[in-house]
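Multiple structures are listed underneath, in structure tokens.
Okay, so chain A shows up in both of these, paired with chain B first and chain C after.
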Partner chain A sequence: MRKMFLLAAKDLRSEARAKEIAPPMVLFGLILVFLFTLNFPPGAGQAPVPGPVVGAVGSRELAGAFLWVSLLFAGILGFGRNASTEREGNRIEGLLLAPVDPAALFAGKALANFCYLWTLEAVLLPVFVLFFGVPAGLLLPGILLVALVANVGLAAAGTLFGAASQYVRARELVMPLLLFPVIIPLVLGAERLTSSLLTGGGLGSQSRWFILMGAFDLAIVAIGAVAFEFIVNE
Partner chain B sequence: MSPLTTARRSGTGTMVLIALVAVGMVVGIAAIFFWVPTANCLVPGVADGQPCFDARPDYIQHIFYMHVPIAYVAYLAFGVVLVGSLAYLKTGRRRWDILAHASAEIGVLFTGLCLLTGMLWGRPRWGTFWTWDETLTLTFVLFLIYVGYLLFRGLAADPTRGARIAAVIGIFGFVDVPLVHFSMVWWRTLHPAEVVINPAGPQLPASELITMLFLLVVYTGLYVALMLLRTRLGRAEEALAEAEAALEERPPPRAHVAATP
Partner chain C sequence: MIEIRRLTRRFGSARALSGIDLDIPTGETVVIFGHNGSGKTTLIKLIAGLLRPTSGVVLVDGKPPRETRGRLGFLGHDLYLYPHLSVSENLVLFARLYDVGAAEAAEALEAVGMSHKKDALVHTLSQGEGQRVALARAVLHDPDLLLVDEPFSGLDETSAAALPAVLKREGRTLVVATHDTERGKAIADRIVVLENGRISAA
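Right after this comes the complex of A and B.
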């Protein structure tokens, strides 16, 4: 447990000096949120929610999906970079020689990714509220709970598949191809919950999505902790 | 017994199986076209012998005798990927990896066919080739996950590590399936309910049930035959790679002075 925090602290400290993961990630996320919100008519965020018409999707419902797609695309940049720093100069071999369990290595990396996601969200969420013009009171504090549940699974999946894609040719291409299909339950859940918040539905009626996302988190953390040694060990 | 004789003998067994599957396919197709009654709707709630949504006989429904066994083989194949991957990580034996790899290829093929036959039915029945129904979406996600798996195997730099990582992907891909399933169910659904596996017993007339079960057996045979062929190819690929590696390690033979006229 302590080793996990040490390893994560090592990642974050080197990032604090190099500043090569979080700034590009946040900037890319900003560009995406800007591009997505640009497509809505002005004032779409304040517009009343449309009634229950089949096939009609309100701007606010769509906005929740766009927010998560932006976060995901920006997040994957960070996951890939965080994994590839260990490959450069074979730093991973030094880590493997240290008396550290591969599971702790996985947890440490995932914790660092988890922190990057929060950094990303700390910037993107206010900007989203600003650009889209949606009342911030609708999102807070529920969105923090949604982000917490989503970030655990995203960080763990990003760590596992980020490490896996280090050992193939064309790794920048392979990682999203492996990652995106498997995290669909998580992304759909986060989108649905955020849309529910944005349309004033709250989270109470949507608790089953939390169960689903929690199940995903458990599965990916457990498999990641057990399987990480098969990926990084020689 | 020499390895060659073993190979030849297993080859004979495979050929017999392929012949049986071919005959079974012909019989199954004949049953679909000539034996099974038409104008009998698979949609629950519609009385026996009644047309589905219009007055024409429901010929389209016959595609289910192919669609259902294909879908079943796809799930079976991905189940075998899971078993092979787990066994490979546990034992490190190459043959488990070859098994998982072969099964993933066949699974992707059958998932693709399942999507295709489903679309052919969906166009006249639902009026659209594709809809965001939960079962369709789940099948499509399965397709994506295992195409990614195969792509990964093709691009892996180091075969041993690549096989280990692929096994991890194969395992997580399968664990993910029920989660994706529920996320799709809660989104929305349109897919016909299961009529064979039903708590109230099979909801099909005898001729339809027999045809369906018969084709399930034939398709299982097809899967086994394809697996036998593909795993044999996998072993041959492996032997070739080993032979090439051994050849590279050996010092180059002394150049014979070839008298060229």
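Right after this comes the complex of A and C.
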């Protein structure tokens, strides 16, 4: 546990100085939200008051999908870059030589990715609320709970497939090809829950999506902790 | 004690090492000479457990190298340092990963004569300075087995002359791969010559 936090702190401290991961993620996320806004039907989803609005409900449901697609695409930039910091200069070998459980290596990298996702969301969510005219009261605090559950799975899957893609050719292409099919349940759940929030449905009636996402989180964390050693060794 | 038996390593169709048999008793300093591509780095990485043998076996004190990681120090071509962390932050990170304290990291830095650069970010160091910090990283946990690959390259005369004092200590098994014959002979208890992936003299 202590070594996991050491490794995550190492990544975050490096990033605080290098600014190679979070700024490109945030910028790309903002561009995506802006592009989606341009294609949003004029006036739709901009109802000034919460609650079901005739003609705008469908747009609000779409807004949830736009949000998670933006977060996912921007997140991938960060996952790949975070993984590549260990590939460059073969730094992963230095970590593998130390008496550190490979599961702690995985958890440390995943924890750093988890923090990058929250950084991304801290910027993107207010912009999303602003650009899509979504009443913030509809989203908060439910969206934080959805993001918490989604971020665990995204960070773990991003760490696992980020590492796996580092050791093949065309790694930038391979990573999304590996990652996207696997995280479908997670993104689908997050999108459905967000849409339910945006249409005034709340989260109370959506427990099955939380269960699905929670099960995904447990499975991907367990798989990552076991598989990481085999991925990064040679 | 390092025991190497019928060790072969291929990379695709290329054979890097072929049928290596070698025993290195505890406390001995073995210097491996060989031209570029002779298999020195591959052999060192196999002893460290960073590569898996295609066939054959490497044992360190009767165990696979990966099971003795905490007692092993390694300095290769790569520094294994994080460029946007300071020298001190890098060494304290590795000290904690090896379950030793910041004091040991500071001692190792002192031993390689780099204390004055402890607050410098690694990406601002010269090649030779980086090499010395990497050496401190490799020895800060006082390993019983130290594997070093081309340790003299990139170092100035003064630093290279001071290197044996950092590498060698009583009871430590030291394996050095180099093509610097003069400096290698000066520290060797035994010399092994690799040629085209085979031991040609030992």
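Here is the rule we use: the second predicted complex is superposed on the first by the 222 of 234 C-alpha atoms of A that agree within 3 Å, B and C clash if a C-alpha of one lies under 4 Å from a C-alpha of the other, contacts with A are read in each partner's own complex, and residues count from 1 in each chain.
Just so it is clear, contacts are C-beta pairs under 8 Å (C-beta built on N, C-alpha and C of every residue); 3 or more make two chains touch, one makes a residue touch a chain.
Please read these numbers as outputs of a predicted model, since none were measured by experiment.
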{"item": "Which superposed partner A:Ala227 touches (first chain B, second chain C, both, neither)", "value": "first"}
{"item": "First, second, both or neither for A:Leu27, with chain B first and chain C second", "value": "neither"}
{"item": "Which of chain B and chain C A:Gly89 touches, first, second, both or neither", "value": "second"}
{"item": "Partner chain(s) touched by A:Leu6 [first = chain B, second = chain C, both, neither]", "value": "second"}
{"item": "Touched partner set for A:Leu144, first chain B, second chain C, both or neither", "value": "neither"}
{"item": "Chain A residues touched - chain C or chain B, whichever exceeds", "value": "B"}
{"item": "Which of chain B and chain C A:Pro99 touches, first, second, both or neither", "value": "second"}
{"item": "Partner chain(s) touched by A:Arg17 [first = chain B, second = chain C, both, neither]", "value": "second"}
{"item": "Common ground on chain A, meaning residues reached by chain C in one complex and by chain B in the other", "value": "234"}
{"item": "In the complex with chain B, residue positions of chain A that touch it", "value": "160-161, 164-165, 167-170, 174, 177-178, 180-182, 184-185, 188-189, 192, 208-209, 212, 215-216, 219-220, 223, 227, 230-231, 234"}
{"item": "Residues of chain C touching chain A in the complex", "value": "48-52, 69-70, 72, 74, 76, 78-85, 89, 93-94, 96-99, 121, 137"}
{"item": "Residue ranges of chain A touching chain C (in the complex, touch as defined)", "value": "2-3, 6, 10, 13-15, 17-18, 85, 89-91, 93-100, 233-234"}
{"item": "Partner chain A, residues of chain B touching it in the complex", "value": "89, 141, 144-145, 148-149, 151-152, 155-158, 161-162, 164-165, 167-169, 171-173, 175-176, 179-180, 182-183, 186-187"}
